[in-house]
Amino acid sequence: MSSEFGRILRVGVFGQSHGKAIGVTLDGLPAGEAVDLEELQRFLGRRRPGNSPLSTARKETDVPEFLSGLENGRTCGAPLCAVIRNSDQHSGDYAELADKPRPGHADYTAWVKWGGQADMRGGGHFSGRLTAPLCVAGGIAKQILARRGVFVGAHLDAVAGERDRPFPLYPTAELFAEVAAKPFPVLDDGAGERMRDAILAAKGDLDSVGGVIECAAVGLPAGLGDPMFDGVENRLAATLFGIPAVKGVEFGAGFAAAEWRGSRNNDEFTVENGRLRARTNHAGGILGGITTGMPLVLRVAVKPTPSIGRAQRTVRLSRMEDGELTIHGRHDPCVAHRAVPVVEAVTAAVLLDMLLEGNHGTF
Amino acid sequence: MSSEFGRILRVGVFGQSHGKAIGVTLDGLPAGEAVDLEELQRFLGRRRPGNSPLSTARKETDVPEFLSGLENGRTCGAPLCAVIRNSDQHSGDYAELADKPRPGHADYTAWVKWGGQADMRGGGHFSGRLTAPLCVAGGIAKQILARRGVFVGAHLDAVAGERDRPFPLYPTAELFAEVAAKPFPVLDDGAGERMRDAILAAKGDLDSVGGVIECAAVGLPAGLGDPMFDGVENRLAATLFGIPAVKGVEFGAGFAAAEWRGSRNNDEFTVENGRLRARTNHAGGILGGITTGMPLVLRVAVKPTPSIGRAQRTVRLSRMEDGELTIHGRHDPCVAHRAVPVVEAVTAAVLLDMLLEGNHGTF
Amino acid sequence: MSSEFGRILRVGVFGQSHGKAIGVTLDGLPAGEAVDLEELQRFLGRRRPGNSPLSTARKETDVPEFLSGLENGRTCGAPLCAVIRNSDQHSGDYAELADKPRPGHADYTAWVKWGGQADMRGGGHFSGRLTAPLCVAGGIAKQILARRGVFVGAHLDAVAGERDRPFPLYPTAELFAEVAAKPFPVLDDGAGERMRDAILAAKGDLDSVGGVIECAAVGLPAGLGDPMFDGVENRLAATLFGIPAVKGVEFGAGFAAAEWRGSRNNDEFTVENGRLRARTNHAGGILGGITTGMPLVLRVAVKPTPSIGRAQRTVRLSRMEDGELTIHGRHDPCVAHRAVPVVEAVTAAVLLDMLLEGNHGTF
Amino acid sequence: MSSEFGRILRVGVFGQSHGKAIGVTLDGLPAGEAVDLEELQRFLGRRRPGNSPLSTARKETDVPEFLSGLENGRTCGAPLCAVIRNSDQHSGDYAELADKPRPGHADYTAWVKWGGQADMRGGGHFSGRLTAPLCVAGGIAKQILARRGVFVGAHLDAVAGERDRPFPLYPTAELFAEVAAKPFPVLDDGAGERMRDAILAAKGDLDSVGGVIECAAVGLPAGLGDPMFDGVENRLAATLFGIPAVKGVEFGAGFAAAEWRGSRNNDEFTVENGRLRARTNHAGGILGGITTGMPLVLRVAVKPTPSIGRAQRTVRLSRMEDGELTIHGRHDPCVAHRAVPVVEAVTAAVLLDMLLEGNHGTF
């Protein structure tokens, strides 16, 4: 059950990094929804490693083939299956790793769990490559949401301690589009320069860096979600932690709020144009697990890429003795910037699922 | 489906703060497990507001009655239901709140969702009072886990920016017991003093403070959990966000790792007494969603109590116009210290559920 | 996870036949729904053994106490918990059975599963007594459905081979009410007489009989349910098999259709008052898992009560040798007539859950 | 959520009858399991329409391509995805049907649900063609089960009222293999002749017939399943009703037991070679939802193929007026014999899922 999420809209990801193909199934999409394949391809392009020195040199075309669920460019009620063939496979690079688990990777835990049966070439099913089919799902979800006035966007909030400025109190679809069109997804391009420098510096040191992504959704109705274990936070967090390298999730002020007093953290209410608004949004648009109608705001911590060029100490599993490992091959000195559309994708898919649960428990 | 979690072990919480009773059902407990009611009562006592100036003056005896599932002090395979009668109800205190949603509370979102039908006296089903039945569930889970060598403990990591020292690399059951026995659950009592002072200072200012809880589990087998959406992080986060006031969850180094380089964050492996160990534990005992066998470590951000004595700006829903609200009644100037056993309870219940899924997908 | 069903509306049953109490939790009920407790009590009365010679002499008052979820006679959005205290307990009657599993009962399978830890007095959690809380859930569901024009009714279709006449093509709420008001729930009272005679004859022979229940629901919208594994049939069958003693479920013509030709079984369509209708209803109102708008019709096979007064051969588990058992105590010579409201209850709860999934995957 | 089932082992089917491809995903398979592709192909062959006059003339090669989850002939822990390309498409045959729903088909309910957006060519996602990927899933499950001594087999119990003899009290793997090797899957070849004659007679009359399938599983441990809503019957029935055309499911004596007395239906226990056995198996190997260790026996009612060559009355949806329809194209005069391996497949997949839940709630 590891590779699926959602309740009305079930999203399931399959494939291994160096297998024949990766892909995604979406069961429960509303029927009759147009899917703009060019727009989807642009969205996938934001995740893809390019010719930039900031990313792996691995070439991925990432053009999905739709096997089912789409007829004449529209969803048809049946489960959608999209497949992306793997092409650029250098699995020879991974021979040594079978016996020497990479620090910070799932090699060791996969070995414990599946006793060497797992296909761990390139990270296997744990690979960041699996975020491509996630983006197919989320890209479709984003199109469906946008037609109903719900927009999801994200930017790189921090890399290696260099901070972008945060989203404004009311981010807009236009702002989201503007960031998405940039080669490096930040609000403040100066901060972006400093982040790039930090990435290249780490790369020069055969090292890597992590980052933080801020994601927001606007246009959500108030009243979405349920108290306790089925709230918006619960369901988003459960899924966001499925993105490889994510180690923390917070909503609104999050961990910062833990240092504040209530008088600072509480979002006072006011009436604006006949509608209730919060004067601040430290709650990130969620109170008691339920949307307030203010923008949904969350932040995700992405750890530094575990694959680094430096020699690292590890264990030779076959002999259970200490050993050393130098990872060759092509690796991203940072994955946080490429994870920006992935966080959008997951957020959009979860929100669409929750909206599809219908008029929220009434009929 | 809002008030339940778990897969093999289903935990469901019911009740409203000012209703007849609150309670919990546990379906899927292994049969034949002894439940030490005195130990359970001591565990519940850690959550209960006492006569301390740090907590609400509300008196709760919190003695559960077991209606089913226990026979002769042991689980009998049938669902367990435990009920705690509410006694100390001052629902008159909440009359004004029906029209003026408290900032930072779920009053407004409940009003949107249930159109005034919700019983929101004292927070209703959103109340921190509901954590008492959660502790009944978690306290039983802790006893079952302990018999199998799995121990869960937590301490108050920070309050209002005052930091306790972190758990050591290998926390022990003894350390957990030591912290649990303290009136204020910290490792460093000096830090504890500073935290108490911060709480009392906020109280004096008719304000409140938040905090961070660090929780650890030792004795878990390596190999628990699944990649992507069904990992240990996913399932713990999904449930931890069900604790009222939790706004952030991180595992291991979490958000700090986002500022580090890979060479610092990666936990190198070594062999100790014939077993693989990590030299550090920035991963918090989880790689690829699966336990490594190192201690599981997580941190939870608790926002400052939204109920504060100061006047706050809000909206009169009946007239949709701005208004002011002064909350009377008894309130905690901080809930983070009382949430320590709740985080343990939720963590224990989720881990027991995952362990009950059996030998991890084989048979 | 054994004692719950439903997705938006989660129904969970707890208790053992001879424990302190039995009860039910309902999570996900729409808020603001009035619950007519007198009407509910009448519904529960239909299941209760009376002073009739057709049923067990066990006296059950079956008056639920509502611990949560109801405020001023209406649902309040929080989970509802209702408890029925057990009073008339003769658990001494069950001493011998611990070692000698009763043929046709779950004594043996419970012993295998829980190694003697299960509380099997009176059937424990397997007991027909647990259908009382099911009827609390279903009785509330029926009231909510009725306010929206959906009515669920059932009658005893057959006992020991004696057949009632089937429901007409379009059963009505009035017909359901008429049957429900009868002491013996049949359409044709003559057939009812023959059924009663068969039950009493079996009782006189220290034996028991089984029966078939036909249940129908009218007023359902067309388009409810999903193809393949999430259709109306799938979800109803999954839950109906949870009623003790049910061994078969069929929809529409069911097993009879397997003997027919397509030209007989196919329900041809026609237009009536501007609406599409089927000329017959061999599909039982479901095609491809989805409601057609015709009445939903299903039949449930109830096996003869396994507790009979005759000596039966069994095994002494402690010695693993053949033995004999004579069951004393009070037992129903037939449970099929008492199961009629239980089938209604389960059907209503499942249908309400499906309707609460909202406008069927759109928003 | 319509096209998936299972809990530890999630099986999801995708595709439409006349789309690009159909396929299946299996998430949660144990790793390291060999998959014998030739044996799988033979199993798929049992479902495929051949050149027999008993089946449709549609040619399907049904050779799955495995995109993921298999490495070197073994499962690798990652989700398995298998795809079958559609080739022999005559969607022109279905033009008229868009406006005139076929009696007994899901055309009308799909139209209500998806407003004409559904791809209903050849039944779309409702098509019996989707049972091919189900057989891929079930065929793999059967291989895994067989290695652990659990065997699943089925035969055609009845067609158009012509009855095969039932399975013996203890069916064997050899008997299952023998039936599976026959061109017409019956125990009594004489009965098989009469069934074939009935099918051909219906075909000659431009009509169709239904049938009943008996399925058994041997080698299951006692103690599998849970009481009430999570028993073996609940989970098998929920999934079996997902097979197109299934309208009834019964376990053991099923509906027949409803006509019997308890003294006949109860399976008395005895000791044989130190193990508890039932002298009869009217319970079908299940008591209280839990396996007894006796063979699991179930029967499934398959309605007559709704596509028949005779003119039928229906409605023209575009004008909401009565009309007539004559279905052209190639259709099976009976699908029950082809459904035999499908029932095996579904039964095997559900049982494997339940076995994978591990040591049944203990650890």
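Order as written gives the chain letters A, B, C and D; numbering starts at 1 within each chain.
Note that in this section a residue touches a chain if its C-beta (ideal position, glycine included) is under 8 Å from a C-beta of that chain, and two chains touch if they have at least 3 such contacts.
Quick caveat: nothing in here was measured; it's all calculated off a predicted structure.
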{"item": "Remotest chain, subunit C as reference, centres from CA atoms", "value": "A"}
{"item": "Chain pair with more C-beta contacts, A-D versus B-D", "value": "A-D"}
{"item": "Centroid spacing, where centroids are CA-atom means, of subunit B and subunit D in whole angstrom", "value": "46"}
{"item": "Approximate Å spacing (C-alpha centroids) for the pair subunit A, subunit D", "value": "38"}
{"item": "Per-residue overlap in subunit A, given as positions that touch at least 2 other chains", "value": "1-4, 7-8, 13, 28, 110, 113, 125, 360"}
{"item": "Footprint of subunit B on subunit C - complex, ascending", "value": "1-4, 6-8, 10, 12-16, 19-23, 25, 27-28, 31-32, 65-69, 71, 74-81, 83, 110, 113-115, 117-119, 124-125"}
{"item": "Complex contact set, residues of subunit B against subunit A", "value": "1-5, 13, 101, 103-106, 108-110, 112-113, 125-126, 130, 158, 160-161, 202, 205, 207-212, 222-223, 225-231, 233-235, 237-239, 241-242, 244, 246-255, 257-271, 274, 276, 278-279, 283-284, 286-293, 301-308, 310, 312-315, 317, 320-322, 336, 360"}
{"item": "Complex contact set, residues of subunit C against subunit A", "value": "7-8, 28, 30, 148, 355-363"}
